[in-house]
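Two complexes, one shared chain (subunit A), two partners (subunit B, subunit C).
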Partner chain A sequence: MESLEVNFQIYHYWRSKCAMKGEKMMQKLSDNILDKLSMDFLRNQVLKNAYGNDDTFIAKLDPRILLVWYLFFALVPWFVDQVPFLLGAFLLVAATTVMARVAGLVLALFVVGVFSQTGYLFLVSLLFGGNGETIFPLLILTLKVATVSLASVTVFSGLDPDRLSNGLMWFGCPERLSFSISYAYRILPMLMEEFQNVLLSYRLRGNAPDGSTLSGKIRYLIYQIKVIVHAFYPLMLNTAKRSRTTVEALELKGYRNAATSPAVKKLKLSSLKIGYDDMLFVAVSFLWMALTIFAAFLFR
Partner chain B sequence: MEMVKKQTATQSQKLMIFVLTMALYGMATLFTELIPKFQVGIVEFSVEYFLFIPLVLGMLFDPLSAALGAATGELVFSEIMLGQFGGLGELEKFVTVTIGVYLAGRIVRDPRNRKLVGFAAIFGTGVQQFLGMLVDIFKVQFAVEGFEAVPGLPESVFATEGFAFLNDLLFSGILFCMLPAIYLAPKLYGKIEPLLGMQPRSEKTALGGINAKVVLVCLGAFAVAAAAELLATSGLPLIEWEASWAESGAAIAAGIVVAAIVAVAVLLMMKKKAEA
Partner chain C sequence: MNVIEIKDLTYTYPGASGPTLDHMDLAVEKGDFLAIIGNNGCGKSTLCKIMNGLIPHFITGDMEGSVLVDGKDTKTMSVGEIAGKVGYVYQDFENQIVRPTVLDDASYACMNYAMPDYLERGRKALRQCGLEGREQEYIWQLSGGQTHLLALAGAVSLEPDVLILDEPIAQLDPRHADLIYGVLKNLNEKWGKTIIVIEHHTEYIADYCRHVALLKDGHTEWVLPSAEALRRVDELQACNIFPPQVTIAAHQMKKEGMLADGMTLPTTLEEGKKAFGHLFFRRETLNLETKKENAAANKKTAADGNLAAAVTPAAKFQNVSVSYRAVKGEAKKIFRNLNLEIRKGEKIALIGSNGAGKSTLMKLMTGLIRPAEGEVWLKDRSIRDTKPEELSRTISLVYQNPEEMFIKDSIESDIAFAMQARHAKDWQERTEALLCRFRLSELKDRDGRLLSGGQMRRASLAIGIALNPEILLLDEPTANLDIATRKEIMRTLNEMKDITDTVIIATHDMQLVCEWAERIIVLCEGRVVADGSRNEIFGNREVTERTGIRPPEIFDMGKILNPGAFCYTIQEFRQQFGCGCV
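Coming up: the complex of A and B.
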């Protein structure tokens, strides 16, 4: 009898502990989701994506090689309709994306973007008398879009922006573009922090409407949008001041002359070098694509 | 005789405007790229557009620099830095954003006139969205083989794109472009120009409205953008190239595979040697 009592107690203890654990887990989960949506999280993901992975195999490759490689995977899938070839191309760019260690948020955005688009299109086409046959061309379209965007994720996310802008410059892109990339790379963290600070100071001074009822939620949303728009007023003035300083500093260093001078360009691009890794990368990609072409012939 | 001076900026001031618009709009689009969209019924509530930023700056400063800065900013910040660069499709966005912002900037003679600012903002957004819609429809038409033949596809594409256009124009256009522009443009007028060392825009110094030349240049630019998209149809040489080796297909493909294997092996050996 006593042992039963003890057992019962133990059971209760265990139950309550489990409940506590469950509650804690629920709380942790909701914390986690809230965490994911916060401004800080967004900022961290962006910064991680832009600055975080410069030690991967992809990041060390020569930007010129990668750009040519990208051009192939950005153009060719649009012209080919053989499924084995498209599938092979997709697998290759998926592998390179893994190698480039792209930030999770970017990949999540990619998945949502690709599938919601074609899924939506399919649902609407059902409305207009489409049938099961409609899904096949749409799947091929999805495969093409996915390949092209993963290739771009690999190159533009895996490569650090400075190297990317050098590569673009080598191919004769306007100096303005490579300047913009380098500038964006440096100014982004500052600008984001400033934007966040302005937003926070508006929030400190403002009185947010109660968001518990439906009309309250709508009012809260409108309030948020208003705060964001208002925040751009000081931000525009500050950025105007900053861009004047930037341009004046550039002028002092003779930027406008340097932008057009071939000697400066040569000096800037002298750091680019094609090594064995680059050639290997191209050769392995080439081998894989040749194999998929071979497979495309076997299975036709 | 007093000459009417047009609002011209020096080269370095144009660069300042470019940098200003690029940084601000770039950061804003970066956020919109990350914030999820949510749908209520069929109406999509997306914070797609912070287009009011370049619109306002285009009304206050040199429109062309602001327009180019906005397009570049979107390209660099949200596409290249996030790795969402979509190849040729981005050219279309670049051109349509430039045209929309430039036209809106040209319309406004006096940024204090709220009615004109509101009209210009919604007009610029409308032009941008409409051109984007046209290109989107073309894109699906050429990516899907036998587009007309797939049951239900053409109608659904027209319907979704047309609906997205109206939705974007009425929701994002009014809420995120027109109202903020009406609020910000008069407020910034006279305050932001001195920071770049410029005179505020007035009736006399405005560039003048849209004339035939402007429209022609815009149409030309759009034609280039559309042509880039339609490259897919003129991909005939590629298809012919495919057909020519399709006859003895497998043998040649096998040859390519062997060549690629040899290339990889040789490169690996060379690398080993170089490291040794």
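Coming up: the complex of A and C.
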């Protein structure tokens, strides 16, 4: 949605400047693509992914139910080869992914990840004397990978970090792990902002190579990578300085006390309740999968 | 009854050569509103950590003497037990917040101490701190002042008797500062909490605090009722603490015989009305001043008239609109059709409440943010297609947080970095000269992060002007500094006037605005609502009320005494109201 909006703005800008030459417009476009991959954009996507979709049907489900559900879709596809079953499972997780309103960046990464994996396998198989037929088993593999990935995306991105960590805690994961998950999401935006500012310091004071020619572009890329690596050092020091307060504050807020106290764990988990929606979700998933199994038998 | 009693306390940090607190005694009465003041490094923050038990339970070191909280020795209590009696809000309070949503953070401590009604307690604390209705919001949706209130609510939720706040309003605009102190007053009066603040803003001490404790070299010099404490002008100034401007003005006038010898010095505007009420306003001095200002303005407009056709402005905003991506829902619009011209050589102060768009305006000029619509011009070219790297040759930005400017491991190499990168010929001499000019020569091998607040600011200023930029942008150069350091930075900025060309400072610090700026631009909700000289801005009631900006106290004092007065400094006040010769 959001990228649409940005594009809309760009479009408006173009229309007002319609006298501009096409060549220049192309350059504008590439500039804007680069702009989109800024730290600011990443920060926004991380936040969106974690908390921007907390009002969806998926986000309101009980995390324990979702984790069990996930276990099924993460394991079973590996052991099944029936196309109808796999296709059914894929459609279901695709539907849940849509329902969870996953952030655009995560989906883009998913698409690139899955298809680069199998795409390169296909190329390799061609190289070793494969032909068009090799593509069929590869498609099945792709379907499996896609199903498992989308199931993970639904659960880990659709749930907000706190509910996820509560769910994990119920299954006996240590309290420290669940705190780390939610704290990482709390601190990550801050870290990214800080990193962005340090990077800007480099950009504003450094002297970037001219990027107009092709070799210049390569040099510019190398320069940028170098700056990113360099920027980690001040980032770490600044973070260390900040975290002193956080560590003391956690101590005052009784974090150490809570980590060992069973009473606190019980208190935290008391907020988990299985409701009507959870039942519905399980029932629909179950029925749908039963249907696909039935279809798989029919087509055998 | 004393809720905190410190007896003969000596504390040395591990590895430190001498004690930070040295035979300190302090008793805090239940229900008091106490301000702790003192020089930098006199042990104020250490004292706070002693009172909330972090020392000795979390930070070790050598501790002798006793600290009683509610009659119990802190050594025999656990940190949790003490946290239930003494709440603490840090100066860098945003690092104190560990949970993503407001209610979550406010109730987090209660949950950790296994209180079954933790959510209810969190809600109550939020109510007490004026954050009702924001329970489900995410912490990054809050403004600076609200974030501070949330940190306070996190401490209040455990229902402690004592609340300690370390410089609560250092980063806030006056409206938010009033909000914080209003909440503290309410907690003190309605809920019976004992409040202890470390505070440099003596105007707030005069208005809100009941007692003042002066710390000096690790011990308590005295504890006095606040009005009495603030009247000790000479003694406070010797410790680098500046009493309210009305008090200083009266003190100086008393010395010069303009006020009666036996009078008590005023500490608030109310008292000032009585103390200065009989003084005669000398309109002719004002006329002199305004004439000077008008003459300067006339000269400028004349020059503008002559040159307007020939000279392009240093920077220009043309119908600029900017919006930020939001986590949820619509993008947030910061600017809508902003138009602004900045002429070469101007010294501009950019003011407005937190979130009015000051930083965004600066980032637009450096090319770090691109406008969604409209154009930003630097001199005669639009910067839409220019990379920030290229612009950095003409424009330089000094961040609000100096730590983010330190990218090397010593300030010398930090200052030299930009010149080296550009192969400036005389970079060595120039670095040397800058170090000398900003009094950093002795610190040149230190990492910037490890310097004191004032030194860090000076270093960041030196980095900012290293490339001799045509336009220098400073974001809050005096934020988070104690008053003595602030004065020092203000002096540095005034000295810099001859070596810089166009300078824009974004700030809440109205003393800086009044003493330094030649032109003031007021931003409010993404629009320029006022633009002009200080008389035009602060003399315009509508503007000050609408935007929440507040002139220095002495200006208000002058206005109360005579609506025609315009005094921005104590010296001007004395000129306009003193009956002796000038």
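Here are a few things to note about the model shown:
Please note the rule applied: the second predicted complex is superposed on the first by the 262 of 300 C-alpha atoms of A that agree within 3 Å, B and C clash if a C-alpha of one lies under 4 Å from a C-alpha of the other, contacts with A are read in each partner's own complex, and residues count from 1 in each chain.
Here is the rule we use: a residue touches a chain if its C-beta (ideal position, glycine included) is under 8 Å from a C-beta of that chain, and two chains touch if they have at least 3 such contacts.
Please read all numbers here as calculations on a predicted model, not as lab measurements.
After superposition onto subunit A, partners subunit B and subunit C are found to sit side by side with no clash. Once the two complexes are overlaid on the shared chain, A:173 sits clear of subunit B and of subunit C alike. When both complexes are overlaid on chain A, the residue A:236 reaches subunit B alone and has no touch with subunit C. By the touch criterion defined above, A:139 lies against neither subunit B nor subunit C after alignment on the C-alpha atoms of chain A.
In the superposition on chain A, A:94 makes contact with neither subunit B nor subunit C. In the superposition on chain A, A:206 makes contact with subunit C only, not with subunit B. In the superposition on chain A, A:253 makes contact with subunit C only, not with subunit B.
Legend: residue contacts after superposition of the two complexes on their common chain; A:272 is shown touching neither subunit B nor subunit C. By the touch criterion stated above, A:181 is placed in contact with subunit B alone, subunit C being left untouched. More residues of subunit A are touched by B (comparison of subunit B with subunit C). In the superposition on chain A, contact of A:78 is made with subunit B only, not with subunit C.
Superposition on chain A places subunit B within reach of subunit C only down to 7 Å, the least C-alpha distance between them.
On subunit A, the patch touched by subunit B and the patch touched by subunit C overlap at residues 50, 161, 183, 185, 233, 237, 241-243, 246, 248, 250-251. Interface residues of subunit B facing subunit A in the complex, by the touch rule stated above, are 11-12, 15-20, 22-24, 26-28, 30-31, 33-36, 47, 52-53, 56-57, 72-73, 76-77, 79-88, 140, 143-146, 150-153, 155-157, 159-160, 175-176, 179-180, 183-184, 187-188, 191-192, 195-197, 232, 235, 238-239, 242, 249-250, 253-254, 256-257, 259-261, 263-264, 267-268, 270-271, 274. Of all residues in subunit C, only 49, 52, 54, 58, 79-80, 83, 88, 90, 92, 95-100, 104, 108-109, 111-114, 116, 118, 138-140, 154, 325, 327-328, 331, 366, 368, 370, 372-373, 385, 387-389, 392, 396-397, 399, 401, 403-407, 409, 417-418, 421-423, 447, 449, 463, 467 touch subunit A in the complex they form.
Those residues of subunit A that touch subunit B in the shared complex are 42, 45-46, 49-50, 74-76, 78-81, 102, 105-106, 109-110, 112, 120-121, 124-131, 133-134, 137-138, 140-141, 144, 148-149, 152-158, 161, 164, 176-177, 180-181, 183-185, 187-188, 191-192, 195, 225, 229, 232-233, 235-237, 239-244, 246-248, 250-251, 256, 276-277, 279-280, 283-284, 286-287, 290-291, 293-294, 296-298. For subunit A in complex with subunit C, the touching residues are 2, 5, 9, 12-13, 16, 27, 31, 35, 40-41, 44, 47-48, 50-52, 161-162, 182-183, 185-186, 189, 194, 197-198, 200-208, 211, 230-231, 233-234, 237-238, 241-243, 245-246, 248-255, 257-258, 261, 263-264, 267-268.
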